[in-house]
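Below is the structure I would like to discuss, written out as structure tokens.
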């Protein structure tokens, strides 16, 4: 993670470009996505189809699979119908309506693309046989692609870090510190977790937005076993020194958090991002200690949603 | 691996949270899993289904596959039965009992979901054909998922490091040192192995648990070819200085080991964890040298279980 | 990324070998591929078939799949024909021409290799059955390979970094600087991007080619969210100090860029390479600021092709 | 890669254990495999089946697949035969020998396990149908495993680094240096290549074997585009200072090389190992410069086997 050597770091170091933003913007969406839309190269060049498919919601993906399945079968049924229903054995021709013939070919298509091939309906002539040979190859390849997409979804690195709803200014040593808590929602372990915290603020006079690094007391932990309170001391070196919540709101401040950890089931480095806008800051508050229980087997039990809890101080 | 700069490292640096543990706890289970149960977000949000499936035992997974296969066929047989057995060609209707009809549809379902499709039984009407088309698609997708899970299991990084059963206090230079041995069980190579050793102890007065780093004489080896004896010298800088086994038991001490290595078959970074509780410590003992034999071809033969062997020193 | 400690770095450090190049060469092709052809070990040993398949164009791959499918079916139809058409049930023998018999066996082969197996044609004798059993196994394995190739293509790390068409010499601080811009074409994020810039120049007297490092003002950004202007200050320490565009053309200069970033959808480290030859350099020019618009939802919109735009100065 | 801080590095730092080897041993086989056989935990625990399958030779793997296919079909044909051939439709019973019945069931089994399912033979009773349902599920799962193994083989990181046949002692600066050359056999690129060279020597008096680091002039290159001559200067700091080839043979010296690089097609870190025994050393020799040709398109052509070539000096 790039270490910003001094507090005069300008926006170039973060890669957010070099523009003044007159309106209020949020650089990270609540789900951690960078809030930038890129265009200019045509839809296809700005889109990564595999990326879209493995990050789409599961319901969208199911819908897409089912509708593709129906569509392809409708198309091939049309091809078979154009070839002529008399080129297929096993379909009753005499007493059938055209719709029923088309439907029989639709089901024949479904049996072909899945390589099911009951065979009670079968192609007779060359044209019908060629179409069926093409469809079964297409079926196998589509299925190979589906396997890839499903595996890509499963094996995609996930961090599942949960952030406290608020970021607090709490008493710390002789002064104060910015604090928020993170925990791991899942049962697998996150190890070698490393945090990097930045603040984006507009200068109230020039309206120029700067991105500044916030130094952490401890930037890395070996395990994210229970919870981790990330602390930035607000001392003379801090860009927040002397600023109140209202000042931060005025500056349209956004605290940007990058956490990098290793999911040790897959040995994958995972990345989590989060941001707090100034209105999510609570002054004069302190996080409640996380309740832990020792189970009969000597294990420690926690409830990860407890990381949101804090006490307001006088 | 996070380097702890001084011995005043508190528990936050390890991510084990900030609670006093009044009872005896074991932070790492003997299999290296972190002994923390996380809840608070509902079962689904605290579980990663793919992770559970790729880390389940092989017998559990086989049982799950077989029972799902039977269950899905029971369900689809029910659907086909509801559609009506007369909508299927090839099933004897007249002299069959209802059970036999259901069984015939059960086998038809099995032939459909595997896309086997003998075709001696086949759907006739639209409803039966639609159900079969749905089942064959479901079969292909389930199979795609099974392929992903099986590949995920196979390709999952494994370290297979074996730890000596005991941790010893052995004579070392002019004083003593904490020593344990590790070896690689498998024939593939572990390279660039790196160890990190910590001790978790309760303060006997305040009952507050601290996590302290134990400095190693050599923390990294290029190959884990035979065995590696990991050594922490107990000198004035060591948090163990002046403590006996009984003191460590009183402090509910746990020695936590993190090893990181690269499995060079897959170029995967693998992680291994282990812990020793104070009662697994042997004082005044020394590991036996590992027996190695040179084979006729100039190779070196070892028995990895020999790493457990030690001699008690009078 | 290897840090070149001083400007006396010779070509060995880059791995481009130690030859004088008398002709004009381009070390990186415009697509970023290293412009070296390796031979000497036979075609097979210098080629990685899987690598060729996953990096081939999609149209080439489709052509290859279709032609293999036709070829294998032609071969197996030949085998079946040699076995004898009378060993297959369901083929009309009496009134068929030899071509029609062969075609029927060709379609039977297609139904076998895809494991479709309608069964209106089926093998009778042992020879025919063995050939079909072999073909169906071959079909499954080919399909397994196709699944692997398709997944390999999908999951292959992609960086999709776009480089400004030209590299500029712009006013910078009190002097001048070499500048070019990069952006990310796609909607996924590139994080921890790191650049390394080198120049390859021939000595006009000795004709010996040197590879020199160009020190960057900022070599790493946390996000490649919008655009990143990469800047090399041309001061006394720069190997470009005192050289004009014509001098660079005379020296057959090539500016070689290596960018390393992390695609956070897949947690993959991706590499991008680019080079500018001296004639692509524009003196006395300055990049236009990138137009950004804030959308109604607080997102920032950019057009990535705007990174090419620059203004000529007086 | 572990940096050995001084030349007093003992064998523990390399992980080769702590034994004196009285006979001549070779720690790395010519193919780079570590020459250690591990046992002591039972064959299964010392073997990683997936690892064996993805690293087996292609001919062994094909043989294994074909023989498994035949074996499983022989077994299931036996099961079907035990169930009774009369429970299968489409098999001629009256005039068939027992062998022909068994063969018909063998082919039925092959059609079932591949999910081909022509259906000219089909199960009638419950027992036959259950066996066929089990076999088709088994077929799908075996095929899923085969897909995983084939993909694992394809996508396995490969480095394909070729080493010069000999290691030379060549004149270097005012003294001499140990030199060997490496190149990349394949068309894909290896970037950020990093070398680590060690020597293993027995002390002629104590017979104790030491592993010592050999400092390299340049230990990292950005590209392995053509060839890379790796140089260890034999000066006063070198453990080789004052030793001749005969001394090295007497000490049973082995020069162990570890190269780490990134294959940028797959963004995989790949590892290559090689060793030279003392008899492969050539004194007073110098590598020939690699012949490079510039092609019409400005590319550079090399023959990688030229890295073996050297000239003997007077």
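Chains here go by letter, A, B, C and D, matching the order in which they are written, and residues are numbered from 1 within each.
In this text, a residue touches a chain if its C-beta (ideal position, glycine included) is under 8 Å from a C-beta of that chain, and two chains touch if they have at least 3 such contacts.
Every value quoted in this text rests on a predicted model; they were computed, and no experiment measured them.
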**Study point:** Shared interface numbering between subunit B and subunit A [over half = same, under half = different]
**Key:** different
**Study point:** Selected interface, C-D versus B-C, where C-beta contact pairs are more numerous
**Key:** C-D
Review point. If every chain is reduced to the average of its C-alpha atoms, which one ends up farthest from subunit C?
Key: B
Revision key, fill the gap. Distance between the CA centroids of subunit B and subunit C (whole Å) is 37
Exercise for review: Just give me the whole-number Å value for how far the CA centre of subunit C lies from that of subunit D.
Suggested key: 26
Study note, to complete from the structure: Flagged in subunit D as touching 2+ other chains are 115-119, 147, 151
Revision key, fill the gap. Within the complex, subunit B is touched by subunit A residues 65-66, 69, 73, 103, 107, 110-111, 114-120, 143, 146-147, 150-151, 154-155, 158, 160, 162, 183-189, 191-193, 218, 220-229, 262, 264-267, 289-290, 292, 294-295, 297-306
Revision key, fill the gap. Given the complex, residues on subunit B that touch subunit A span 1-2, 12-19, 21-27, 29, 33-41, 45-48, 50-51, 54-55, 89, 112, 115-119, 122-123, 126, 129-130, 132-133, 136-137, 139-141, 144-145, 147-149, 151-152, 156-157, 196, 198, 258, 268-271
Review point. Can you list the residues on subunit A that touch subunit D in the complex?
Key: 115, 117-119, 147
